[in-house]
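Report on one structure; see the data block that follows.
Which chain is which? They are A, B and C, in the order written, and residues in each are numbered from 1.
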Amino acid sequence: MKRGAAFVAKYLIYLALIVCISFFLPRLLPGSPLSVLDESTVSQNMGASSQAFQAYYAPDRPLPEQFVRYLGHLFQGDLGYSLTAKRPVLEMIGQSIGWSLLLAGLSLAVGIPLGIWYGIRAGMRENRRSFRGVALVVLQGIPVVLLATVAQLVLCYQLQIFPKRGAYCVGMTPGEPGYWLDVLAHMALPLLIMTLTEIPSIAIFAYNSTMRMKGEQFVRMANYLQIPQKVIRRRYILPNILPELLGKLSIQCITCLAGTLFVESVFSYPGIGLLLRTATANRDYTLMQGILLVVCVLGLVISGIFDLLIHRNAEKC
Amino acid sequence: MNVIHSDRLSLGASLLRWWSALSISKRVCSVICLLYLLMALFGPVFAPYGADDFSSSSLLPPSWEHLLGTDEMGHDIFSMLLQGFRLSIGVSLLAGGGSTLVGTLLAFASCYFPRVGGLIRHLANLMLILPEMVVILFVAIFAAPTMANTVLAIVFFSWPRVFRIAHAKILACMGKNKVQYTLLLGGNVLDVARKVGRDLYPVFGTLLVLQCNRAVTYETTLAFFGIGDPLLKTWGRLIRSALNYENFFYDTTFLWYLLPALLCVVGFVASLSILIFDEDRIKDD
Amino acid sequence: MIDLKELTISYGQKTIAYPEIQVSPGEAVGLFGQSGCGKTSLLNALCEPDFSGKLHYRQARLMGRDLQDWGWERFAHMSYLPQFAQSSLNPKMPLRAQMRLVLSSNQRPWEEDRLRRLLEQLKLDWTLLDRYPGTLSGGQRQRMVLVLNLIKGPKLLILDEPSSALDLMTLQEMVECLLQIKGHTTLLLVAHQRAFLEKVVDRVIQL
């Protein structure tokens, strides 16, 4: 019980810190329209002079009052109005988050097992070269936006293999026949890119862990006892590297979240990534702030889930 | 009378020893990285046109006058690419070096002063939970679009990764006998720092390369979103400009507009990655 | 079973020459020697398929084949219990499951009576099988590893210092158990306690 309370307290503190950061950061940055340090730029920003902006942020009120207003807005679920779309930010994010979670979730569901399987398999083999570590390391290093852009250019436009953009053909609705097939077709390439960028990290980590675990006495004994390699990989190596693997996966899921946003930006996939693209292109501050808050809270939730998983896993034996 | 020889090698000798331990592929990559650095230093000198010179006609295909053609405004793409060497690599070194320095110093401070260290560790843990790329985007959007702000944003949000690795290594190193001995003899911070530094400088070197690698990714992604100084054409900016061209997907302009900058970025990132690739224990983070 | 004549093993900096070692089927032979005299290297040569030392011999036969012709398949016929075997159990699997796995991997049935008797002989409680190795004592784990090695029905059983980590009372149990299997299993026992060896084996070879 005490540990549960400590866990909840820790994450509540993190949440509070995130809220504070999202409040103070724009106000501390030089050149920001909300800057408290540099008032001369406030009037220069066009978006900042709009009524919606003034109403939500009230930049000429004293700082403590701004903070209280901000908290009040948050508790009511009011993330402000998008300066460009003139719609509530919460509504825009709510419509998009489903697509993002779908893309991210599927890519993790495919990428994590594949990465672990590949890493463990290669780790157990005698031949180190078969892991192709160099190719994986290079793949891991390439910026996602570049990979997605090139893929879109070559596979969608030049070779016309995949649909060019969006999650479904314009005009299709969920009830129509062929809708889901269309959704799958549009998801194929973004999903492929996402999975490709996730697998290297996970595979490398699983490979390293397996190499360490390979020399352990109980793995050697399993070989003496004639236990088949497949069973050793599944029941000797995997459960024993799981604790450290979970820690790595926690970080990996958060990185995947960011990657999803970028891939969506490239493919105009109607998830949060597309909102991000419009927000950055139009200097839509309220939308940007809303996205940041939601993404950070998602990161917190992911981290919390993995913390719980790690804890459950440690208690078992 | 016994003469005690110092076993510390001179810089030249340790460089030579490092070089001879490298595999062929790593040697190739170090040469490539060196070439990149040289291009960053001297490349723009050979640019046939100024980076701001848009007097040529727009969208010319490659020719002897314009090796990579021109963009919509009439800038010579080859000159911009050369300029990009200096800018992109400069940002990479500054941001990478900065975040490595900050992370290492904070790690050392938190090992040396354990109470403050606890606080810093919690802060680093929180920052690791947040997807740093999104936070950097956020910061870069709100701040004035200057190169300095880009670098600062990257440094400010990527030090936790350095911190985590450096903290673990420094802690292990400080537990060793010789450091404990120094502490016992009343050595001050600098003495301990020197002992730790001597043992761990390979780790810091690897971290530096890792961070420079990451900084390139951050800068390219930021530029992709149109953030940063629009006048300073890093490779990322060049790629963004290429993507802004309205017929980008439909004709072959991308071959000379997008591809060179893209290959420069990928080449740099790949070389750095292979350089720190350790076959026996592949670096994971 | 084992036939070694004029064997020398070069491992790292050391080169060790061994006396003639012969073990006939059904025999129990002990190897006695101080630490560093090459017991471990010899066992490694016999039991590790990826042994990195160099062997020179006039004859080295293991279970009817030349030693260097054997790969991992040698363990279909033999069992090897290395020293300090307490960490040789998978910490993430209950013991019952580990036993089942060993039996199925060696194409043997689960014969409850036989298994109960074996565990009883080694003073291991049947209820221990539902637990994880981490909850057992060092001595219990060592005996459990012996159980796993026995139930696969080896023709040859090689034990390296099985008496370490066992207290005096369970040592007696171990001795009795080994005496039971002596007739139908060939035993090669390595120890540095001569008294223990002499209780179990037919003859002792000094290294």
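One rule holds in what follows: a residue touches a chain if its C-beta (ideal position, glycine included) is under 8 Å from a C-beta of that chain, and two chains touch if they have at least 3 such contacts.
This is a predicted model, so every value here is computed, not measured.
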Of every pair of chains, which is linked by the largest number of C-beta contacts? A-B
Determine the chain that sits nearest the middle of the structure, using the mean of its CA atoms as its centre. A
Taking each chain's centre as the mean of its C-alpha atoms, which one ends up farthest from the centre of subunit A? C
Taking each chain's centre as the mean position of its Cα atoms, how many Å separate subunit A from subunit B? 23
Subunit B and subunit C have mean C-alpha positions lying a whole-number Å distance apart equal to 55
Please report how many Å separate the Cα centroid of subunit A from that of subunit C, as a whole number. 52
Sites on subunit A at which at least two other chains make contact: none
Name, in rising order, each residue of subunit C that touches subunit A in their complex. 47, 72, 75-76, 79-80, 82, 84-85, 87-93, 101-102, 105-106, 132, 134, 145, 148-149, 152
Show which residues of subunit A lie in contact with subunit B when the two form their complex. 14, 17-18, 25-26, 29-34, 41, 128, 131, 133-134, 137-138, 140-146, 149-150, 152-153, 156-158, 164, 201, 204-205, 207-208, 211, 248, 251, 254-255, 257-258, 261-262, 265, 276-277, 279-281, 283, 285, 288-289, 291-292, 295-296, 299-300, 303
Could you please specify the touching residues of subunit B with respect to subunit A in the complex? 25, 126, 128-135, 137-139, 141-146, 149, 213, 216-217, 220-221, 224-227, 239, 243, 248-250, 254, 258, 262, 265-266, 269-270, 272-274, 277, 279, 281-285
Sort out for me which residues of subunit A touch subunit C in the complex. 216-218, 220-228, 231, 235-236, 239-240, 316-317
